[in-house]
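What follows is a pair of complexes built around chain A, which joins chain B in one and chain C in the other.
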Partner chain A sequence: MALLAYVARRLAYLLVALFGVTFITFLVTRRLPGNPAALIVGVLADQSTIDAVTERLGLNEPFWSQYYKYMGQLFSGDLGESWFTSNPVTTDIGNRWPATVELASYALALAVLWAVSLGVISALRRRSLSNRLADALSGLGVSVPEFWLGLILLLAFFGTWKIAPAPLGRTLGEIPPDVTGFYTIDALIAGDWGAFRSAAAQLILPTVTLAIVIGAPLLRITRGFMRETMETGHIRFARALGIPRRSIVLRHAIPNVLLPVSTMGAMMYGYLLGGTVLVEVVFAWPGIGSYAVKAIEHSDFAPVQGVVLLSALSYLIVYLTMDILHFVVDPRTRTHS
Partner chain B sequence: MSAATLLRVLARAGGSSARLGRRIACAPSFLVLAVIILVALIGPEFVRDPEGLNAGPSLSPPSGDFWFGTDKFGFDIFARVIHAARLDLTVGFSAAAIAVIIGMPLGALAAMRGGKFDSLLLRVSESLQAFPTLLLAMGIVAALDTRVVALGMRIVFLILIIALVNIPVYLRLTRSAVLPIVNSDFVLASRCAGKRDLSILRRRVIPNVLQVVFAQFSVNVAWAIQILAALSFIGLGVPLPTAEWGAMVRDGASYTIYGQWWVAVFPGLAILVTVLTLNLMADRVRYGK
Partner chain C sequence: MSTMPAHETRPSSEEGDLLDMGDPLAEGDLLDMDTPLAEGDLLDVDDPYEDEDFPPLLRVSDLAVGFSGGKRSTHPLTPLQGVNLSVEEGSAVALVGESGSGKSLTASAVMGMLPAGAEVLRGSVSFEGEEILGASEKHMRELRGSRLAIMFQNPRASLNPVLTVGGQIAEVIRVHEDVKRKESRERAVDLLEQMGIPNPGRRAKDYVHQYSGGMAQRAALAMALSCRPRLLIADEPTTGLDATLQQQVLELVVEQVSERQASLLLITHDIGIVGRTCEQMAVMYAGRVMESGPVEEVLGDPANPYTAELIKSYATVRHGRMNSIPGVVPTLRGPLVECAFADRCPKADEECREGVPALRELGGQRGSDERKVACVKA
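And now, the complex of A and B:
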């Protein structure tokens, strides 16, 4: 029962936050100074054309009635139409969303793998090589511009050593039959080894780029909490009892660190689902980020709005899921909330 | 409480900042930052014109004449990196300053007042933070894009937009730093002694959160520089031929994989060094490392 009440309350928060989100996207894309209609028709159009387009877009109506209409459209799942692809935005996004999710998922998995393990190891051995390495990697990872890092990796592995494939999207081979939307998994399902290799090869560099960047904060969090945990009373007590260090770390310390680390991981995933824009541009990855950038180049607002909304929504949902998981896993959250 | 009063209060909290100041001045990263700022201030006077066409041959590699090589127009990349330092640091510091001036007092007030005011501010900043920062900035800049053409105005708008997307960060940070202090016994004691909110804020609260806020300021300047560079990289920030680090990386991106690496590598390195220095300084202030 407590769980249900908790989920209901979090869902209510989610709704409130979503209203905020839609209001902001509405403000940003429709209510800024200047007349979008004049932008659409171009500088050569006369006043009557501008007026006609203004009328068609409903821009002459009062603010709240425009917002009301906009919300109505949103609820019926209509994100408008893109001028430059002339598709409904929902169709375009539907085609590109799997590309972003696949990249984001592999990047998160790789980041968790290297950052959490290095974080735990370096926390256990202060003044060691692993600690220095962790310092260097977390400092660099937080500070390096990801688009530049992507370029450097391309320069090294594609330009100089020629061991990476050309950065030309998700695959250079055949596109496997669509099941999950993940080319790598679909290729395996179809049993097409060649398609899998091509898709995986395209994934490596963008995944590594993102994993370095988002791994850095994960590493910091893991190391910080791990150090803190190792100093706590119950770990000291376990040590005093003569429990082997290995089992102290694995059974007593790590479970305590998993909660904050998984929260950070969820935040990073939420960030990735909307934040792979720069890496997508560098590697010509056909995800929603590069879609938004192309739309902006064509002054096409409906897709931008759609992408912004979708990424905010996915962030909120990932975060909510994490919150609920914590509530289930960690009894302490029940008293604190 | 007006914004002006709050600012005065902030200014008067200087007593405890002397210790903080010493701590900052002793950090090695501070020295590096000082050099970077100095380069940004006076460096441009000593190098070539960053927009002087055909200063050298097009796309020539680094040499004694052109330390960082030249780009496709024959612009001197070293001169451009130095000039861009001024622009990037100006945008970074101004955007972070605006965000802290608005976000910090709001966060402190939210923590001190509590109640409806607090939860309203918290909800608003939560929804703002649901947006990936870059995407939000992209959306706003894109909507403004065709309307703001003059370079000066563009830069002002970029500063404001980057500040805007960072305000929630400060608000929540200050709020969470102030909250335990407001609920502490020594503040309760001051309350019992009949001190008013403003005096408690000045004498008890602000000196205690200054360190956290300063560290965050340093981080935030770094973020602002990263966001500006990212916006320019996707073609939304500062347009060519103005020298800006991100725009220069964009310009050099297509040459990089064909061997003309210097066009994109040096400006990117400038971003990395500047941002890393600012982050290290924040660590120093925060943990005393």
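And now, the complex of A and C:
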């Protein structure tokens, strides 16, 4: 069947891509400045201690044999151990990944909500207020770095008006019992409104920051494709045969726009799932982005490799899912003549 | 006859209710315009058909359309300079002319779908005896697809790639008639069958990418004819199709229109097909009709030098030599003050530059009283 063949081919690409990612991250992390062995044993240790640790970690072995060992571990689901937290990397990531996914998901949802609707509306009304608003917001999102936007929002809502809580992680209240790892969902499952509110309050500013940043390109793409679609022959023909405006927009135009826009959305989600380093740092968000930063500071190879691999994997999987979805939904691929 | 150009300015407000979602296609088109022209303007036109007792199905009188070109533009385009055209009940009329002469723009004005930035400067379009130039968008929407339909070139672009062909036809039927979904679908299949599409039940569920160009144009024709319009405007319906298909599709259009006792306005470049398909024709140049009348009379004995040149250039192109009329179609800025063809016309002299020749009855021995010509030398 066409779909199965398609999925198989795409999965093969995915494996090749992942293999490439492991190799490149391995190569790059080995080239990071600083000898981890020296950092582990401390500055006062003598050279023989450092050498002993280097030997124990296998860092004096040739590059290829190190890589071979690393891949062997990887296939058994072992991402190695963090020298800094002294936890297995899988444990650390398991603790931090839900924080990143929760933030990423809310940010994507909010971005799609505002950017796609404003994109469609502003495409329909050329010289309108909605268009100027769209220009302003997409300009802001494209030109202002995300950490800067985050800081400004913090300054305004926490610093000046004091309506936002302190940016100290995922919640200032009770941590709800762990079911999904997403505090807002877990709080709802537990029926704990207080916990939900404090988790949601922490989410608002980083979510808005990210939603503006990733919403900007989404808005531009939506507006561009919507304008283009409204100029096409089939829209003109539909209008010329009296199809009402409502149907022209909702039934004839938007489905054609949704295909490219959802691809863009998937790319954005993949990017967010890799951990948005700067926003996580600004809001002290304990996700995998801030974890990776700390690991790099300490020349901690294993977590860096683990996070990069996870980012790549989530990006590829989101993208693949979207592709397969399109393959199924788009009549042009679904019904091959 | 008096001609008072009535320059209409568009309502400038583009903002407003977001849910209403104004029109992106055409900020300046006739959408949402309830009173684009004052009534007096419509009556006071250069109308050569003034004394008729029975108005034709479609009558375009002294239609002038311009593009303001934005605030900064000092040279507004005025591509239509007073078009006069009529289509009788049950007849097939060809509209020919070089590229850029304003054929499609005339059709857009009739449909109430002028492109963005276009404005009606003066004139009248009456359909079934009713003035429709400047009618409300709601009224035009009811008319479009039901009494008045149009089809364009490039049929594969005319159909939506993500909706089934049958579904698109059925939607047009449901929009204009109070029928159930199931019935509209059955009628869509019937229409596809009438258009000669094999296996119509299955093909109705297909998408346009599964159709060849010729099949897609048959489907577009089915869509345009789905609610039995009185007039079909076909704007170069076969341009872009294979030569062998052109003939078939054209014959189908003519046959299906006449089977429904409807009228056809066939816009084409190809003078060669006019004789086989239409009884009447109008020759357009630079936003004006230069000559009109029965096809045999116009082609057999052209009264306007432009028509003669057009026929000559067509004949030579057919014999493999590209030999079009020397010179180019002028870009029209502001109202014409002389015969637009004067710069290219072999018969031109000072008299041709004294004013714009009106489209008048030819009279004399040369033809029936249906023949009209706009030339001081004819």
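Assume the second predicted complex is superposed on the first by the 310 of 337 C-alpha atoms of A that agree within 3 Å, B and C clash if a C-alpha of one lies under 4 Å from a C-alpha of the other, contacts with A are read in each partner's own complex, and residues count from 1 in each chain.
We take it that a contact is a pair of C-beta atoms (placed from the backbone, for glycine too) under 8 Å apart; a residue touches a chain by one contact, two chains touch by 3 or more.
Quick caveat: nothing in here was measured; it's all calculated off a predicted structure.
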item	value
When chain B and chain C are modelled together on chain A, clash or fit	fit
Which superposed partner A:315 touches (first chain B, second chain C, both, neither)	first
Chain B versus chain C as contact partner of A:86, first or second or both or neither	neither
Partner chain in contact with A:48 - chain B first, chain C second, else both or neither	neither
First (chain B), second (chain C), both or neither touched by A:299	first
Of chain B and chain C, the chain that contacts the larger number of chain A residues	B
First, second, both or neither for A:256, with chain B first and chain C second	second
First, second, both or neither for A:76, with chain B first and chain C second	neither
First (chain B), second (chain C), both or neither touched by A:124	second
Touching partner for A:330 - first (chain B), second (chain C), both, neither	second
Spatial angle chain C-chain A-chain B, Cα centroids [nearest 10 degrees]	80
Shortest CA-CA distance between chain B and chain C [superposed frame, angstrom]	15
Residue ranges of chain A touching chain C (in the complex, touch as defined)	121, 123-130, 227, 230-245, 247, 249, 251-252, 255-256, 259, 330-332, 335, 337
Touch list for chain C against partner chain A, complex	14-15, 18, 21-25, 27, 111, 113, 141-146, 149-152, 154, 157-164, 168, 171-172, 175-176, 206-207, 209-210, 220, 223-224, 226
Of all residues in chain A, those that touch chain B in their complex	16-21, 24-25, 28-29, 32-34, 39, 139-140, 142-145, 147-148, 151-152, 154-155, 158-159, 167, 271, 274-275, 277-278, 281-282, 292-293, 296-297, 299, 301, 304-305, 307-308, 311-312, 315-316
Complex contacts: residues of chain B adjacent to chain A	123-124, 126-128, 130-132, 134-136, 138-140, 142-147, 222, 226, 229-230, 233-236, 246, 249, 253, 256-259, 261, 264-265, 268, 271-272, 275-276, 279-280
